[in-house]
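Think of it as A, B, C and D in the order they're written, each chain with its own count starting at 1.
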């Protein structure tokens, strides 16, 4: 038997290191038909804001080489809707529901956080300071270190349970941000959010996305994500949740070897809605084959001379 | 007839916007068997340093999804060897030979630049402040704005002909660097160099590259490169040479629409050594089809409402 | 409605003309309920430049044989690869996706307007409507006579009015120029349309103005196809909704387009 | 030597066993000069996860038929795709690449040591050496008898000594355990080797210690194959050199490995 339980910090444990990324797994129930979502370590739900947002105009998606750009822009019905309509529907899943908290101002982040505090079955929030698809806030917090610190500090005051801060890859020094939010009391960090990218249609000479730029995800970004997880691992002591282009168990294991305690699957769910279960099983199979009895041995287990 | 001549600044013109990227086209003659390299707008040769460098240990390459990582690390025989052995061999190509000037210290950059000044048929240098694969210098200059400014300023003093500064994508705000080197007298900028990435072999649990991290290139990075060209275009007045994942004429046109005056082909040459000629012909065909008589109309020609 | 992910086996790949082909795919297990207007998402493997699944409408089903027909136009890399598939090849499919067309409240004649590959969901819809006692008529537009597709499969259900841009088959012009829309009193209780947005908008405007209900099946670019990513949005009077869940079929009155 | 980029047509794809196959590919134009040890770079199209070309040694050529034989082991995604190719398919090839093996200075007996897919360049080398008047003997190592490849093509040129890890064919053990290397006075004027690095190092150390010249064809990961990228480096007494240009064949004395 392989022990697959991992400790995410702030008193939070996942029964296995495999979770699904915000914005890529709806609220979980979209995948009910395909898998038992209760098998997941956790589900990170779509970015949730203070009030309802319509998101960005269409088109919002562009396929790229081994990846995709999106400019969804935090479309969601707001935190109150989440509490009233969605929470009752998902709270009894046999996995952790973690809310991705988003906003344009520190006050909005805090407002959302406070409202979520009343929900017993939300063991953690993921503070999204890295969305590239909103005009104000979002990525600005994630690419300006003092802002990242400030919003983490304020949210930390409002949230007693596990606090995960999701970092933006659109920065010069990821370790600086990792350290900074650790200093402000983050229990763990997740990375990476999407890389800011762009697509043009040469035929029409127009940008493909209505917002011109969008967030790049998928296997294309994996090498960058892996590098950032490795850099962050050497900068902080808190656990790291790694993501960015993970498509299978091998990718997941690479992220763990680089320093991740757990991983998230994003874009991969679009291509194979059953991928998360395959990754759970694949990690266990890898451990058995390699005589690893505790999945935690993988974390930071890269051998380098 | 389509006018394909483009103005790179500092008195330098390319007969067409298509050139080949440093480190990806050797010194040009490696491609003699496949194409008439004289058809190119320019050839950017391998990064050249003050003295001979052996580069990084093997392995130096990892294939990734729609891309590759390299950690060559500026292996070259030094500027004196270039002047004595290579220059005589390439100077009479019917195209511009542009030397990619690399180094670990400002003095080294200046030394290389000064030595190249004597070579009549080198109309421009490309200042490489963005190599992710050397320990000191290299990318440090490209990711720290005051350093980028300093090295540009010093090299500018030593170089009278066209000065192209090659920017690193591993920064939070590319426009800041673009503006900064423009302010120090760069005649044009080229971007992007490689994105810092990493690969791990889950089987051996070791990094694939001897240096652990390396530079990501190829179609995977194209959306990021295109976005940065577009951002830089809106930040500076000097011409931009765009690159990063260009594989065909359509990609090249997208970079021009985003704001590039010319483009470079890097990794694409490895997959098809004749690609550069196909791109030259493809751009002309596009112009004819779209009734464009001057390729310069493409630059910044993206239509956005 | 439950969604499935399954490997289908290609039973037949019928080339109709230079652009269109029909894939007949078979499931090893019984097919679940499916309704006209619904679509499938196909994984196109090993094709340079194709990363995401491709949405394709259900053209027809054969419950007994456990097969689905797909009418596909070679539009780019993914569909061109699909055109090359041979009998016996496997295709991984997520299905059935999206909502479906709805029958009119009262019985009568209905018009099904398709343009190009937008004709794909119409035979399945016609079958459904005929079953419900409607009288079906088609109005189909193609660029030219070389691109007509599988007309017999439409004629089974009702009269086919044709338009081609160059007049090489049926009437010359777009569907909007077709005489079936010119008649003073349109005899239709409901109009259904699928095709290029510009065509659907014109059809919708025309029939709405005459007090006739209209449903359109919309184009969109999709990532997940199952409501998880919010990439496939359409602006409606209810805000931005997902074409893969709340659509692809919309009452045109609800659309802001 | 001039390099070419050309589409070849697959004439035959011969499955040898579960792992190995031979591709026989034909050029429409006459073949240029090629030498043993040289390789080609194949573009493997439409294969998920394959971006760069794949280097494969020249296993044999037929000048008249304008064909090249390649002996390939299914190692991963690219070679597995190649294994699926059929007669008539096209393959884009850059060739001939790299330097080549060299004949010994004086005539005599030579030993060609190959391990696994490393046997690939040896028949072409044997043909060349026999032409130059050498007497050729092979020492080939495989994991087991199921993986023996095309031995007749080796036997044409000289005696074949076999080793398998489990003794199911030839002698049991690695090539280093084979009795042909055990004899007190080795009769060979030169030894050539190609296979896993660990094997080649052992062979080189052994024969060098006995004053015999040794050439090895090295493994490496390549991006361009034509000397432009500096990715395929080998450390030598002359510094880091490119395996695709200065190699793949090296006098083992020059290697720092």
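What we mean here is this: a residue touches a chain if its C-beta (ideal position, glycine included) is under 8 Å from a C-beta of that chain, and two chains touch if they have at least 3 such contacts.
Since the model is a prediction, treat every value here as computed from it, not as a measurement.
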item	value
Intersection of contact partners for chain A and chain B	none
Target chain C, source chain B, minimum contact steps	2
Of all other chains, the one whose Cα centre sits farthest from chain B	C
Two chains sharing the most C-beta contacts	A-B
Distance from the mean Cα position of chain D to that of chain B, given in whole angstrom	36
Centre-of-Cα separation between chain D and chain A, whole angstrom	47
Centre-to-centre distance between chain D and chain C (centres being mean Cα positions), rounded to whole Å	55
For chain B, residues that touch 2 or more chains besides their own	62, 64-67, 218
Pairwise touch network: line, ring, star, complete, or other	ring
Touching chain combinations (by label order)	A-B, A-C, B-D, C-D
Complex contacts: residues of chain D adjacent to chain C	45-48, 81
Chain A contact footprint on chain B (complex, rising order)	62, 64-67, 69, 143, 170-173, 195-200, 202, 204-207, 212-213, 216, 218-224, 226-227, 230, 245, 250, 253-254, 257-258, 286, 301-304
Residue ranges of chain A in contact with chain C within the complex	23-26, 30-31, 33-34, 46, 54-55, 57-68, 70, 72, 75, 218, 267, 269-274
Contact footprint of chain B on chain D as seen in their complex	2-5, 43, 49-53, 94, 220-235, 239-240
